[in-house]
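My questions all concern the structure below.
Labels for the chains are A, B, C and D, by order of writing; each one numbers its residues from 1.
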């Protein structure tokens, strides 16, 4: 991919094709918030395999991907459905030892990605000192001594994911990605800087002139974006603050149905495999009126 | 004000935790933390108006009015003075010690306040039970936080002699073992569905402070897999002030979101 | 100082009193832009001594302070008057060996401050590898090897300045500091997080409610601010984008007059010592109409 | 287009540097860099419309129209698509290598393209002349940049055999000494008020490429304190295209801010 000032707008299928089997993908997500779930559904439909997924907080999208057999390894700090409870497919796969798990503290995985973003071989933190977490991955975290004070710190080996996938508010066709408000969560901040390729879906495509009127809103410059997909409500059932809230009904339904592998399969058949396009997905949710209803925040 | 006669355990836990907070505290909360967030809002509405709360680690001094969403949700950032950028700003204030107070729960808690929410079993890679993971506790345990622990499952499976996996560093192996590693602060208080506990200053072993109404010290010991430091006399946990209870029920958490915390608890609320 | 939610608004004199002789101060400034120069003038009038000034780009304010005898040591990457040429008092003091100079690359001094901000004993960069700059300060920069790859990196010892001084767009009385646009330069970003005390002057004081309407503009939260001073045009003769431009005439005059110690003294007598308050300073510039004229950007 | 007959050295330098840039380049500029910034704007207006420029390291793809302020000034960020936050974003794109091209001048430049703008003298702490300091060159030299060097003072005091202080790492001691340190890229081209030079691929010694109109190779060697690699024949630096010159004079830098660069130069412009 190049970083050129050219039209980056592609179809959902074309974007998914940039992710190759075996890739390490850095995937945005924070509980019930901001996750590129339309992209995730397409990765599942496209039958991706052996993915190594790096996240801070793994949620509903990761649980789908694990259930669908896309994932070989997860690197994260927690994987659950937030207030809706366990991520059951993660749990089952882990207990059946069908999934490689690299559990980190938040600041150790961020320091790994931050070093990747900075082109440094490693970074340091104090997070995790004294815990058993560090012992899980001596190849990527190691206690070393400060060369000035002798104090112990945790060296974290750089991680440069092959691809970062994100969902954001809007962009121009060149891939100048804007957020309102500007990046808050860690993944929006460091994932695109750390990854070799960056795929972003957005709610809205605007003219380049509109971006130039509001440069303070741009979070990722076009020269770091490889592919752009126009996917309104592309985070659903997660929220995209302040545009729309998460879909409590769909979260609860998945939490209930995913208690069994069969229930999970039925859910994925209905919400992923059974819908070939994002338009079909939106239609299934009940069309514009139903989606409008998600915009309530109280 | 006077104390209330009728209250439930969830209410008692929130009010007791709220009383532990002061106007000097700067508190940020993590995921699925309805009891701490209710306690923060309650403390701020009563004796600790100057308390600084960073809602979901993002919304500085937020004023959502009530618990209206999950505890990381943007609904809870309402009327904040700043969206704290996480990657640099939040982590620097956490690392540096400016944000000093954090509340944690977990599937296993041991006698020194070390906590585990990753796996149950003797081999991490072949777990009997796979839990969600350590989340922020793996950070906060090592980053000099004053840690308040809460649990709605006070039983021997949760309160274990030694955690199967030490995700959150409490007082480590007790005594000065935490300080020797160069870590400041540590676990302060443990509030469960049965009692309140703290840590004996020298040994850092968990110590019973008070038992909730209708619970005996003996019952607490029976539900704890390690030997508690047991004072000569153990009072009853003070009942909530009536005004605190009213504010909690009517203003702070009218939808009783805090009861989500009692999934899997033997205590019915 | 405390981080409490209380009124932080103080007088210029009270703010300056928080800086003690011998302090390490991190001082905002970028050539002709964004420097807390009204605060600097007061530090000079108050006769501060033995200050150790950490900056990225040292400019007109630092040159004044050196001329006035306030400074024992500078830590910076460059010290000049941007397009107006040399910082002559810096140059004279250095050549007379009356000034301790710790020259850094930009990313090594930032890594030192970043480690301070993170409460880490050191941080790492690749900046400066192979240069003579690293050899200047073996106590604060040292080449070490990556514990995973063996690659060389530069370890930079944490720097936690005693005080950071900044000028910003607006704040409420609690010290929630807002910028438009949000922090761009490194000093605005890392200095307040690294410093033990933070003093900020602002163009405008607004109600707390206004801050709560625009939280996306807040760059420094009240709990990190110790003192706040209301100083309209407080960066003058530097610019505060996009509110006002730098004052080309004053810069040029200082560049000319500072060619000699005598010229410098006359300038400082007229613009610093001769004006006891910020209001007198603004009046000297010609009052509101003249100041309004600075708001042109072309 | 045809080439111009009448041009000044500042114009020739800008046009020659502009020609070296392509639509693939991502270029950020530093302080007091009127010649590179003019060259960037000129290249973008002519053969390299896709060139990405980060004005003053802040204004991504800015369109100020002309050189209207100093080269770090916000006036130059006009119509940009993003204000690049410096501390994390800019430095990560620089460190990682996304922003790969940088232009540098200095008080001393040696035969391997190492540069010094810190001090003149044999003892850093007792300088004969104290210069402003290394600024971004101390970073860029070690961070894998393709470096374009410009100088308006081609004389033996500037072009020295060995810099008194190596602030910017060029080809170090020549040969593979830079690569051995693990550094990629390095100095590419040197454009002065007398000539254009590059670096001999194996030895990394500075090599004469072309001389400006009216200058001889011998004169260049006389004004250079080290021995230049001298090709058998040295052509004249191509005169600017007429259209480039028109754009530079009328559109890109109508106020001729670039002439500020010639303070202290023997070349009058």
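Please note the rule applied: a residue touches a chain if its C-beta (ideal position, glycine included) is under 8 Å from a C-beta of that chain, and two chains touch if they have at least 3 such contacts.
Fair warning: this is a prediction, and the values are worked out from it, not measured in the lab.
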item	value
Distance in touch steps, counted as few as possible, from chain B out to chain C	1
Starting at chain B, fewest touch steps before arriving at chain D	1
Comparison of A-B and A-D (more C-beta pairs in contact)	A-B
Cα-centroid distance, chain A relative to chain C, in whole angstrom	38
CA centroid of chain C to CA centroid of chain D, Å	29
Sequence positions of chain D contacting 2 or more other chains	83-84, 87-88, 91, 95, 143
Residue numbers of chain C (touch at least two other chains)	118-120, 125-126, 151, 181-182, 189, 215-216
Touch-based graph of the chains, sorted into line, ring, star, complete or other	complete
Residues of chain C touching chain A in the complex	118-126, 139-140, 142, 144, 146-149, 151, 153, 155, 157, 180-182, 215-216
Residues on chain C engaged by chain D in the complex (per definition of touch)	30-33, 57, 76-80, 82-83, 85-87, 90-91, 94-95, 97, 101, 103-108, 110, 114, 125-133, 136, 151-152, 181-186, 189-190, 239, 241-242, 245-246, 297-298
Residues of chain B defined as touching chain C within the complex	23-24, 26, 50, 52, 59-61, 63, 77, 79-84, 88-89, 91-93, 95-98, 143
Chain A-touching residues of chain B, taken from the complex the two chains share	31-32, 58, 68, 70, 72-75, 83-88, 91, 95, 117-118, 124-130, 132-136, 138-139, 141-143, 165-169, 172, 178, 181-183, 260, 263
Residue numbers on chain C that touch chain B, as the complex places them	2-6, 117-120, 172, 174, 176, 189, 193, 208, 211-212, 215-216, 218-219, 221-224
